[in-house]
Structures are given as C-alpha cells and as structure tokens.
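Both of the next two complexes hold chain A, though its partner changes from chain B to chain C.
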Partner chain A sequence: MTEADRDYEHYEAVVVGAGPGGAAAAARLADAGVETVVLERGVEAGSKNVSGGLIYAEESAPYTIDELFDGFRENAAERPITEYHLHNVSGNKVKSFDISRLHHHDTEWSDAVLRRPMDSWLAEQVHEKTKEVGGGLLTDIRVNGLLRENGEIIGVTCDEIDPITADIVIAADGVNSELARDAGLMDWDDPEEWFQGVKAVVDVPPEAINERFGVGADEGAAHLFSGDLFEGVRGGGFVYTNEDSLSVGTVFHLDSLAAERAEPHELLDALLTHPFLAEWFGDEYSEREYAAKLVPDSKKVAHGSPHEDRLVLVGDAAGQMQAQGPIIKGMNHAVTAGALAAEAFVEAKNAGDPDAAGENYERKLRESGTMRKLRPRRYKAASAVGENGVATAISDAVLKSPLGSLGVKALERVGALDRLYSSPFMAMMVPDTRTPYVTLPSVIAEELGDPVDGESAVEPPDLADRIGGLAYDTDIGNPHIELLDNSYEASGVAVTACPVSARDFGGGCYREETVKTNGSTEQVVSLDTQPCVECGTCAVIADTDWEHPSGGKGVEFRSG
Partner chain B sequence: MDTLTLTKGVPDFREGQVSFDEDGHLERGETPTVMNPNDRFALQAALQTKVRHGGRTSVMSMGPPGYKEVLGEAMESVYADDLYLLSDREMAAADTWATSITLGTAIEKLGLPDLIFAGFKTADGETGHTGLQTCWCLDIPIITHVVALDIEPEKGRVRAKRLVEGDVEEIETVEAPMPAMIVADPEFEPSYRTAGERLTLKDLRAKTSKRGEKYEEYLTVWDHEALNLDPDYIGLDGSPTIVESVDPIPKAPAERDATMVDPGDPDGLEDVLEEMEPFRAELAAGGD
Partner chain C sequence: MTLDPNGYTIQELGPAIKDVEDLEALRSILEAEKDGENRKGAIALIESRIEKFEDDDDAPEELDPTEMSPADIGNAVKSIDEIDTLETMLEREEAGEDRGSVKRLISQRLDSLRGSDEDDDAEVVVEPPEEKHPHLDHPTADKQHVRALEDGTYRDMWVYCETQQGELIDCSREMLGKARELMDEYAADYGDSERVVAILIGDDVERLAEECISYGADVVVYHEDDRLKRFRHKPYTEVFCDMARGAGHPYGREDRPEEEWRDYDEPRYILFPATNNGRDLSAQVQAELDSGLASDCSDLFIENVVISNPVKVGTAGDKKEFERVLHMKRPDFSGFEYSTILCLDNPNREFHPQGASVIPGTFEVPEPDLEREGEIVDHEFEPDEEWFRVEVTEYDVIEGGVDLTGHGVVVALGRGIGDDPTRGIELGLDLVDAFDDAELGISRGIVTGSYNFDGHVEQYTGEDRQIGETGQIVEPDLYIAAGISGAIQHKVGCDESGTIVAINTDPDADIRDFSDYFIEGDLFEVLPRLIDALESGELDTAALASGGATDD
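For the complex of A and B:
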C-alpha cells in the first residue's frame, strides 16, 4: 500500500462505465470476491448509450453475456434474430440476398437490444453482486482522469466525489474514452479510424412486426442496406426488430462522411423514406428517439497492449469494435474483454502480483483468439490493395462498365454472389473503399434488382423536432466541449457531420457564421453544446477540447 | 450517532391547493396538510448524519392525527428508523410555548439523542420559537442557520457552518458539545464526497421507498397520559399567547406595466427601440 492509498478511499477494483464491458468485468470480479466499485456517469446505466443493435453470443468466445448474467435474454433483450437479409439498392431497384448463413456463423444466439433497458437491467444485477463483496454501482459520477503517484497510475479522479485508489482500474468507458486518452493509449485524431452511427427507434406494434416481417412472436429479423442510397458516402443502413419498435439506423465511415460534407440525419432519412421500407412502418410513422454515437474500427485501432500500470482498457475504450463486413460486433467483444480483464486481475492477485494483471490480460486477449478477430492479419494484405485510390478507381470503373455488369450477371448465374455475401472470411476482408459499399451494390441492384413500386409516405421529423424530443439536463455555464479553433478550415466540417447540426439550421450545436473584420469577411463556426447528443464526432473532426459532461448532466436516452 | 428530526404539518400554500374564505381567512378544512417545507432541509441533515455516522434516525411531530401522513412523507423522503406522533385533544391549539413543553417531555421519554434537527420556522406560524424553547426545556445548545455539518462522534462535538444574520455572504463556523440542536437553513446542502457514502445513501434510498409504503408500522403515537403531562400546562390551556385576530395582507399593487410585443411585428419592435432611445443616450454620456 502506498502513501496515497492510505490518504484516499480505496477499493480493490474500480470499473469505469456500466456498458456491457464494465458490467461483465464487475460481475466477474464480484463473483471472485473482489471488492469492486462501478462508476457510471449517466443518471441510469444505459442513459448515455446507443447501439444498433444486435448482441451476439459467439460459439468461439470465452465468455457470453448470458453466461455471466442469468436471465439476460428473458429480461434484458428484445427479439432473437432468426433471419438476416442484405439489400443492394440502386434508385428504386433492390436486389436482396439472404445472409442468414453469415449471421449464424459462429453464433450461438443473437438478440436485438435497446441499451437503456438492457444496461439498466445489467446494472441492477451488477449492483447486487458487487454489494455482496463490499462495493456497488454508482450512477451520476463522471470519472475525469487518472490519479497518479510518482508518475504511476494508482486510481481515478471524479467530478462528484474525491479520488479513489485501486489495485486495478478497468476503463470500460466506451468510445471517446477519456481514460484511454489520459493514459496516452488512444488518440482521437484520425477520422479514418471511426464510424459514425445514427439511429431512430420507431414505434410499431408487436403484431404488426410479426405480420410485416413474417416472423413469430419470439422471432426477429435483421435487414441491411447498401448501394446508392447514401450520396456515395461509404457505409450502410440497418433495420432490426425489437419487441414493439424497429431500430433503423446508418453506420458510415467518418472520413467519408466528412469528405462528402454529408448530413447524417439526411442520410438516415434517405433510408427511412425509401419505398422498400414503407410498408414496415405502416400508415403512421412515429419516431420514439433519435440518437447517435461514434464507433471505433477495431481493424485500425484495437490496441495490441491495452494497459498501463494498474489501468486496463476494455471494449470500445480499447477500440475492440469489429465491423465484420456488414455485421457489427462491439458489445460481445466488450463482454469478453471485460471478463478477461477481471480474470487476469484475479489470477495476478492470487499469484501475489496484482501488478501483472495488465500483462495477463493482454495474453488472454491473444490466446482466446479475440485479438485475431479484432485485427485480422489478412486484412492488412487485403487493405494494401483495397485502400489504394488507383485500385479503387480501376475496380469502380470496371464494375460500372458494360464488362462489369456482365460480370455481375455471370456471377449471379453461378450463385457466386450469394456465396460471396455469405462468406465470413470475405466479410472480414472488405476493404474500406467505395467499391464494396457503393459501387458493387449499386451495380448489382441495377443489373439484377427488381423495382419497388410506389412512394413512401413516411415523413421523418426534422432536426428541431428530433432534438425537441430528447431529454436533457444541461449543465448551464459549464459546456463540456470547447472550440479551440473556430476557423472554418479547422472546425467547419462539424456543421454537417454533427448529427444534431446542419447547414442553415440555427438550433443545432455547430453553426456557420460570417464575421466582418476591418472590411474583410471571415467564415467561422460557433458552438452551442445544449443540443449535443455526446456522439464524439467533433472530438475527432473538429479542433476541440472535448470532455463528457459531469455526472447526470447532458442528454438522456430512453431507448438507446 | 442517534438523531431526532422535528417536523410538523402546515397548510399547503401552493397555488391551486390553498383555499381562503371571503374574508381572506384560510379554510383549513379545505386546504390539504403537507410537511412544513423548511423541515426538508432538517431531514436532509439527518440523512447525511446517518449516511456518514450510522445510528438511529427518528422523526417526531406534534399535531392532529392527520399529521401522521406528514410523518409518512418524511419517511418517503429519508430513511427513518421510527416515527413519533404526539397527539390528543388536550394538546390541541398549543402555542409555541406549550408545544415546546410537550416536545421536550416526549424527547426526554425517548431518550435524548446526540443531535436534534429542526427546520427554520414554519410556513404557517413563521415565529421560529419552537426550536429555541425546546432546547431551553432540554437544556442543550442550539446552532441555527446551519448550511454544513462536520461531526466528530468520538469527541462528542459538532462543528457547523452557519449563516450570520441569515446572509449567504457571511459564514461562521461554530462548535458545540453534543447533544445539541441543529436548525438547518434552506441553504443547507448535503454533501456525499466518497463512493462509500454514496453507496450507503443508495442503499438507504432503496429501503426508504419500501418503508414509505407502510410507514404506519414504524409509527408510535403518544397522548398526554403516555407523556405524563398535566393538561393545564399543554394545549390551549397551557398557551400564554393570545391571537386577537388575523388580518389578511393586501396584495401589493403592481408597480410596472407590461406591454406585449409580437417579435414578428416590425412596428412594435420599432416602438420598443424608440422607448429605449433615452437609455442609449445615457449610456453614450457615460452613465452607469
């Protein structure tokens, strides 16, 4: 025990964040009798969180959420996903493929979830378990940094309570982890390393879901969309069935979104209003919630050695979010990593060397095969070709030419396209270029797709109404984001890329302004954090000093 | 650290709840009874003490049987171990003096706790006497206008930050031996700076909501016989105060007129600018 440990409040373990990663870590620690306190910044666990989302239980994973939490599927999840389709879109033409095989590959089960109900249920279980061993779970507490002594990490500091020291600090604080950044393990610099996810939860009665999707009461469907729907921005859309709602969203490469100056809410609307989806919503479109969040791309950022002193990173905080082609796997890996980190600490402690926890954890990530899924070695080889601009231009040109169209038709005749879309191996290798996201799907739809008749009557709410529908507890006079450089060059792209801002919209976070100084005019941006949904986008693409709001402050998602 | 919080019921003076007769007199029968709003701060101080130091937390009130709901309300807002209501006909219509005698006797029967918490004056009487007089009966010190507390149970001392003359700008720290009475100011802010305290608080909150539903199980009612009090010294007979009459306070006349201007109406806005013109001249002239 160091000097500092004696002065400060001490727990054996501090877990920061009560998402799936933090919940798994805390449960596993408590089960092993480790005195654990969990600190979560939301008013309730889940109130800050957004995912698509389908949570997977992989056959090959060392841990699954239902193993750690009895009754998870009955109490915290929506519908099990029993069928999976991919739709290539070109205008009103759609060519669909059944990719259930890809979905079921290595999958024990997979359920649709909404994060507020899911995470808050998990948090209750975690609180009960950790209370048994002298700890517990606290909400409304934002950890704002690492506590160091003689340069070594020994605990955390918080906005609301005094510093806490611990033998292990598990940072499960999600994407834009302030702790990972504080430790120098992650930076928020490169838009190419991130996706931005935007999502609407839409009310649809359970019977209507069963009927419109052709599923039973305890079945569910997933649908993915790619092609020319999204103004050439690289990414895709999804529709997942919940108990009595649909999760409809988009996930785009952040660099592409920024480069195209695309408006995320408009891209979501392009999906929502496509005639193919019209009948799913029925006559009355009723949007329950609009939300957004960044998603790290594990292929580029999953940290090979996510620990430092007594700190370990798990889940999104360590970049452990796998985009397996169209299938997104973040929650399951967060669960695995959280449990492995806990296991690593327990082993190190039992061996009388708690400081070895970080090394143990790194080894477990490797030996369990988790690292290989997150950062496939072959991806590096594939991307060397895929991300090369010239190669893209050539393959795009070939695909769009009569030759390409012929090729696509030929592939279809021999069933090669079906096989291609169902191959987990191919999905893992998809390069981050326009070709797989936009060009190929559009060509496929153009050549092989059937036109969808009719117009969609769906009128999504505008941004003002979407913001108006969210609950906020604003920390007045204490904005959590500071614009460091307000020039248009440095931060202007936030006006479009921020999911609650838009050109010519005064009610969002970022606004474009023209100021006149000494006869010359200058274009600048201004920031109002009140409508912020804390997605993290402007931490990466604008010049800001970006923090999360204090505990309980800021936006509160009800569905997530 | 055992504590007792004193609370009472008052008419619910909020708009829509309170009713007055034609002469402007309060209609008690028509107006619901709620906990004296200032007592909430006393309860928060008691809760903070329980979270930090543990021990028993009791709440007491003197009044008609209907006040038991006020005790239920207290139970809903903080965890209380037990509730006491001092109530019978002989105690009715007591002034602050008779009330203090009754409360003091009941507290002695209960056993003097380490700290007694009270709210800063009641919303109906507004005298602020009851706490002081009760302390006089019990012969214990009192600290009023308290905004923060620091208790050292092992030394038997309490240190309090209090507002001097009720002024937020001027704060003094005073110390008193326990047992003592603490009168919490509306500016009292409970503070929980450790994870351990917050976990205890969370635990108590979870239990409190369950107890609130069946608060009557934790309630003890004492009448004057239980307290062994002579009816001549309590209630109306024991009250030296004579209320001659109650005059309604006339409504203050509005000093300012307001004119509504439609922000979309340029003429209206023009008028506003014109009205403001003299001030601009003043500003330009260097006035402040």
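For the complex of A and C:
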C-alpha cells in the first residue's frame, strides 16, 4: 500500500465504464472474490452507448457473454440472427449474396442487441455480484483522469467523488477513452484509424418483422449494403432485426467521410430511402432514435501492449474493434478482453505480484489468439498494395472497363463471387480503399443486379427533429468540448462530419459563420455542445479540447 | 487447520471466521495468513477475533476491582455470571476505593443476573463515555449547558426557513409543504394534532411570515435584528437554540417567559435546508441541543418502529416499540444505497429534537394557500454583543442574471442577425425601447455563435438572456422573434406568449407553425420600419405588409 492508498478510498479493483468490456471484467473479478467498484458516467449503464449491433459468441474465443452472465440471451438480447445477406447497390440495381457462411464461421451464436436494455441488464448483474465482495456499480460518475503518485498510476480521479485508488484500474471507457489518452497509450489524431457509425432505430411491429423478413418469432435477419449509395464514401450500411424495431445504420471510414465533406445523416437517409428497403418499413416510417459513435479500427489501432503501471485498457479503449469485412465485432472482443484482464489480475494477485497484471493480460491477449484477430497479418500484406493510391486507381479503372465488368460476370458464372464474399480470409484482408467498398460492389450491381422498382415513401425526420427527439440533460455553462481553433481550416470539416451538424443548419453543434473584422471577412465555425451525441468525431477531426460531460449529463439514449 | 485465510478475500474472511471460537484455531489461521498473503486487513480481522476470546480466557475468577479502572470493570463484569464472584467484588470495592460508578456497575450486573435466572438476558451496562473509554480524550466532558433533557416534553415540527436576498428560498417552501403533509398524517395516525412551526431569522423577515403560513405553517416564530442581515454562524445558532428551549428549560435562559402558544421544552422534530447556511446551522443547533442530525436527506416519513438494539432498549434480546419516529432517508456516503436514519432515545439519554437537513429540490414546492391562517410570534431576545465579534467587511452577490419574465413585450433575436450581428442587436434594443415595458431575449444560436459583437452590445448576447428549454421561459403579451428558426427547444420557452410575431426570410421556417403573424422579410429592413411605426405612434400595417407580411 502506498501513502495515497491510505489517504483515499481504496478498492482492489476499479473498472471504468459499464459497457460489455467493463461488465465482463467486473463480473469475472467479482466471481474471483476481488473487491471491485465500477464507475459509469451515464444515468444508467447503456444510456451513452451505441452499436449496430450484433453481439457474437465466437467458438474460438476464451470467453463469451452468456458464459459470464447467465440468462444473457433471454434477458438482454433481441433476436438471434439466423440469416445474413449482402447487397451490392448501383442506382436502383441490387445484386444480393447470401453470406451466412461468413457469418456462421466461428460463430456459436449471434444476437441483435439494443445497448440501453442490454447494458442496463448487465449492470444489474454486475452490481449484485460486486456488492457481494464489498464493491458495487455507481452510475452518474465520470472519471476524469488517472491518479498518479511519483509518476505511477495508482487510481482514478472523478468529477463527482473523491479519488479512488486500486491495485488494478481497468479502463473499459470506450472509444474515446480519456484514460487511454491520459496514459499516453492512445491518441485521437488520425482520422484514418476510426470509423464513424450512425444509426436509426425504427419502429416495426414484431409480426411485421416476421412477415417482411421471412423469419420466425425467434429468428432474425441481418442485411448489409455497399456500393454507390453513399456518394463514394468508403463504408457500408446495415439493417438488423430487433424484437419490435429495426436497427438501420451506416459505418464509414472517418478519413473518407471528412475528405468527401459528406453529411452522415444524409448518407443514412440515402440508405433509409432506397426503394430496396421500402417494404421493410411499411407505410409509416417511425424513427425511435437517432444515434452515432466512433468505432476504432483494430487493424490500425489495437494496442499491442495495452497497459501501464496498474492500468489496463480493454475493448474500444484499447482499439479492440475488429471490422471483419462487413462484419463488425467490437462487443465480443471487449467481453473477451475484459474477462482476460480480470483473469490476469487475479492470477497476478494470487502469485503475490499484482503489478504483473498488465504483462499477464498482454500475454493472454496474444496466447488466446485475440490479438491475431484484431491485427491480422494478412491485412498488412494486402494493404501494401491496396492502400497505394496508384494501385487502387488502376484496379478501379480495370474494374470499370468493359473487360473488368466481363471479369465480374465470368466470376459470377462460376460462383466465385459467392465464394469470395463468404470467405473469412477475404474479409480480413480487405484494404481500406474505394475498390472493395464502392467500385467493386457498384460494378457487380451494375452488371449483375436486378433493378428494384418503385419509389420509397420513407421520409426520414430532418436533423432538427432528430435532435428534438433525443433526451438531454444539458450541463449548462459547462460545455464538455472546447473549440481551440475556430478557423474554418482547422475545424470546418466538423460542420459536415458531426452527425448532428450540417451546412446551413443553425441547430447543430458546429455551424459555419462569416465574421467581418475591420473590413475583411473570415470563415469561422462556432460550437454549441447542447445537441452533441458524444460520438467523438470532432475529437479527431477538429481542433478541440474534448472530454465527456460530467456524470449523468449530456445525451441519454433510450435504445442505443 | 480449520480454514485457510488465503483462499478468502477480506470481505469473505469476516463471515468465515465469525463462528470460529477456538483460540488455537484462530491463532493458526493468523499464522497461515502471515505466512501466506500477509494482508494487513486480514491480520487485523483475525487478531480482533483472537482478542475477543483472550479477554474471555483471561476473565479472572477472582477480580480485584480496586486495581481496575471503571471501564475495565464494566467490560469484565459482563462476562461474569456467578453471583458470588460479583458479590465478592462489590465487597472489595466497598472496602477499598469505594467508587460510586464501580459499585453501580457491579450492582447492575448483579441485578440483571438475579432478575433473570432462567434466561440469560444481559442488562446493558450504560456508562458515561469518559468512564467507558478512559484512554480517549473527552473534550466535551466538561461542557456545561449542553446536555440532553431528562424527561423532556417535545412537540411540533419546526422548519428553519432560510432566506436569500430577502426572500424565502425554494427549499424553505418545499420543507413547509412536506412538514404540513407529515403533520397532517401525524394527526390522523396519533390523534394528536401537533403543529408546523416556521422559524425566520434575519433583519427584515416578519413580512415573510404570511407566506410561510400559506405554505403550511401553523405558527411562525421570527426574530429580527439588523445585525442578522447576513447569515452568521454564532448568533444564528444562539438565537435558534434560544427559540427552541421553552420556559423552565434547565439550560435555557432564566428569564425565559411562559409563552401561550407552546407548552413544551423543545421541538419534537426540526428540518433544516441542506444548503451551505442550513448545513452550518443545523450541525451546531443539534449539537447544542445535544441530539443528532441526519444530514442531506432525500425523504422523510413518520412511523412507529420496533427495535432490538440493546443500546436502545436497555436489555439484550428485548424488543421495544418507539413511537412517532421521524424516518430520515439519505444516500449513504458512496451513493450505493440509501440508509434510513432514526434518532431514538436511549434508556437514560434522550435524543430529541429529531433533526434532519433536506436536500433542496427533494420535495415539491406546494401551491400556496392564501386563505390559511396561523399565529405569528415575535421572539423577544437580545443577542449578546459578543456573538458578533466576527465582522463581515465585504461580500458579493453572485450575478443573479436578467429576468425576462413578467414583461409585456419580449423582443427575441436569432441567428438571422448573422450578416451584421452588432447592428442586429442594436435594432432589437431600439425596438425594446419603443415599447413601455419590454426586454431583449436571444436564441441559443446567438449565445453560442462566434459573432464578433462590438463592446456596447456584447452584454446582451450571453446565456442570461437565452430563451428556451435551457434558458428562460417567458409568456409576454407580445413576443417578437426576429431571425429565429423556431427549434423545438426554443419554442418551449415562448409558445405560451399571447401573440407571437415572427420575422424571417424563410417562409418554411418552423416558427411559422406557432406564430400568429409571420412576416416574411429581412429583419434588417423590417425592424427599422417597425420601430419607426411605433415611435411615430402609427403601426403601419400596410408598410409591414409590403415587407411581405402574411397573416395566418
């Protein structure tokens, strides 16, 4: 025990964040009798969280969520996903592939989830478990930094309560991890390392889902979209079936989104209003919630050694979010990492050397094969060619040429495309270029697709209504984001890239303004954090001092 | 070995060894811990368990009380069950030091054994803390007047009504409302109607008495003194305690007259606001009255309660019903759970008044009942000059901001002023001046804009003038919104206004949906004409119309 340990409240373990990563870590710790306190900034666990989301239980993973939490699938999940399709879109032409094989590869099961109900259920279990060992789960608490003594991390500091010291600090605080940043393990500098996910939850009655998707009451479907729907921005879309709603969303490379000055809500609308989706929504489109969040790209940022002193990072905080081609796997890896970190600590403690927890954890990530999934070697080889601009341009040109199209047709004839799309290896090595995201799918759709007739009657709400539909507890006078440089050059891209801002829209977070000073005019941006959905985008692409709001403040998602 | 402590967390260890009574076993557990994980907490835990039994072990058959302190004797006699032994002890003490407290301890033990031959109920030995813990400091041992009453009478629920800037704070109103509710139920439950007594202390507070009554007080006791304009710890406490202690109170002032409105020694319950001043006052007042305080409460109710804690009931194993107990709920320190605090009398020490401080906003501000009647009592008392030794030389009132409510007209500006923001504000101010009773408000869009305002209008562009969900809510007869799009969060701040006139270049702006008159036009053109028209005394509707007015 250090001096500070005696001065402050001390727990054996403190877990920051009650998403899947934090919940898994805390449950595993409590099961081993470790006195654990969990700190969550939301009014309730899940109120800050967004995912697509399909949670996977991988056959090869050392931990799955239902192993750690009895009754998870019955109590916290929506529908099991029983079929999986990929649609390539070009204009109104769509070419569909059944990629259930890819989906089922290494999959024990996979369920659609909504994060508010899921995380809050998990949190209840976690509170019960941790209470028994002298801890508990506290909501409305934002951790604002690491507590250090003689330069060593020994605990955390919070907005609402006194600092807490611990033998292990598990940062499961998600994609914009303030703790990872404080420790110098992660930064928010490079847009190429992130995706931005935007999503709408749309009401559809359960019977209508069964009928329109051709699934039983205990079945569900997943549909993915790529092609020219999205103004050339690299990324894709998804539709997942919940109990009585659909999760419809888009996930884009942030650098591409920024470069194209694309408006995320418009890209989402392009998907929502495509005639192919029209019948799924029925006559009346009713949007329950609009939400957004950054997603790390593990191929680039998963930290090989995510620990420092007593701190370990798990889940999105450590960049452990795997985009396996079209399939997004973040929650399952967060669960695995959380449980491994807990296991690492328990072992280190029993061996009388709790400080070895970090090293143990790193080794476990490697030996369990988790690290290999997150940072596949194949990707490195493929990207050497694929991310090279010239190579992309050439392959795009070839694909678009009559010859290329012919090639696509030839491949299709021998069933090669189906095989290609269902190959997990192909999915792992897709380079981040336009080719696989935009060009190839559009060519495939153009050449092989069937036209979809009719117009969509869907009229998604505008941004003002979407913001109006969200619940906020604004921390008036305490904006959590500070604009350091309000010049258009430094921060202007946030006007388009922020999912709740847009050009010519005064009601968003970021707005363009023209300021006249001494006869000269200047383009600037201004920021109002009230409509902020805390996605993290402007932490990366604008010049800001970015923090999360204090405990319980800010946006509150009901579905997530 | 019975048990390996290293397999347990510290939390688990306590329960695990709680049934181990064998000293040898405990000692071997201790050794195992020291050889194993060697955790300080675990060691302390096991050692304390060992000590417990060592005490028992050592309990000497023949105690010589003259060599022991009263505290040791108190502890020792608890485990002596033989009447003979105790009688010998008593004799020795009488022959030796003959200390009253010691004899009492031994006799009490004897009484309890004699009185309960069949069951072995142990009478709880109550010792003054100084004797029980002789090795501790007892700084309050010689405090003079601060003692609980013996057989006091307690009635009514008192509410300390804090004021700020000469007005009741909302929490005072909230507490009065809650007190009213509690005492109405009290009357129904116990058949006694006791009163809600509001306490006002300050320089000019009598005028608030009626308001206290309208929120539920039956009696208002107030004390006015120019020197009490600001809250000050010492004199406020003294005044409050003087109010609390009725005539004939053993620690009250001698010249305290009988008062017609009361017939009790001290209040039964007291509520304080858990504000800075309220917390300060509550702690000292409750200490002066030698009772307890549940601070920062978030719920209150009155109920009977059955308790078996021996400290409270006198005899281990007994149960006792306490009546009319104020249950004070508060979040416990870490916020995991709520605790309910009860302030119960001990067999020989009274814990009254039962006091709580209440978190502001916990209860609703009740609707005032202007018809309610009550008694107003001027508390006559001359505070001691000594109590004012601390002098307040300077203080600041933190900016209260601008109040946009209660005006006939509100002119509100939005981001439509963007082309020339300073000019926009100037026009808004001119329009305000053209009315008799108007104020200037703005949308959030202006508050958070990057506009470069000139110094003289800058003060009008801050959060304190924002109208809407996170700003002020106004209901003037006339609301003029220029260059405001009418977002839902803005709308909720103004749509109860009598007439809403919107000026906007965009005929599709949302504000059109909830405005009575919509003028499609550039505010830089429309506002000057409106101002002219008002100043010249003729609101030229034709001129407005030519600016594109539509009346819908």
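Here is the rule we go by: the second predicted complex is superposed on the first by the 560 of 560 C-alpha atoms of A that agree within 3 Å, B and C clash if a C-alpha of one lies under 4 Å from a C-alpha of the other, contacts with A are read in each partner's own complex, and residues count from 1 in each chain.
Note that in this section a contact is a pair of C-beta atoms (placed from the backbone, for glycine too) under 8 Å apart; a residue touches a chain by one contact, two chains touch by 3 or more.
Computed from a predicted structure; not experimentally measured.
Peer 1: Please determine, from the superposition on chain A, whether chain B and chain C clash or fit.
Peer 2: Clash - chain B and chain C, as placed by superposing on chain A, overlap.
Peer 1: After lining up the shared chain so the two structures overlap, which partner does A:V525 touch, if you call chain B first and chain C second: first, second, both or neither?
Peer 2: A:V525: touches chain C, not chain B.
Peer 1: Contacts for A:A24 in the overlay, against chain B (first) and chain C (second): which applies, first, second, both or neither?
Peer 2: In the superposition, A:A24 contacts neither chain B nor chain C.
Peer 1: Applying the touch criterion given at the start, work out whether A:G477 contacts chain B, chain C, both or neither, answering first, second, both or neither.
Peer 2: Once the two structures are laid over each other on A, A:G477 reaches chain C alone.
Peer 1: A:V495 contacts which: chain B (first), chain C (second), both, neither?
Peer 2: neither
Peer 1: For A:T514, using the defined touch cut-off, is the partner it touches chain B, chain C, both, or neither? Pick first, second, both or neither.
Peer 2: Touch status of A:T514: second partner only.
Peer 1: Touching A:G136, do we find chain B (first), chain C (second), both, or neither?
Peer 2: both
Peer 1: Examine A:L185 and indicate which partner it touches, taking first as chain B and second as chain C; both and neither are also allowed.
Peer 2: neither
Peer 1: Tell me which partner touches more residues of chain A in the superposed arrangement, chain B or chain C.
Peer 2: C
Peer 1: Identify the residues of chain A that lie in both the chain B contact region and the chain C contact region.
Peer 2: Correct list for chain A: 9, 131, 136, 138, 161.
Peer 1: State the interface residues of chain B toward chain A in the complex, per the touch definition above.
Peer 2: 192-196, 198-199, 202-203
Peer 1: Name, in rising order, each residue of chain A that touches chain B in their complex.
Peer 2: For chain A paired with chain B, touching residues are 9, 11, 37, 39, 127, 131, 135-136, 138, 141, 161-162, 164.
Peer 1: Hey, which residues of chain A end up touching chain C in the complex?
Peer 2: Within the complex, chain A contacts chain C at residues 1, 9, 12, 33-35, 131-134, 136, 138, 140, 161, 352, 464-465, 467-468, 474, 476-477, 486, 506-507, 511, 513-517, 524-528, 530.
Peer 1: Of all residues in chain C, which touch chain A in the complex?
Peer 2: That would be residues 8-12, 37, 40, 334-336, 414-415, 418, 420, 444-445, 447-452, 463, 470, 485, 487-489, 510 of chain C.
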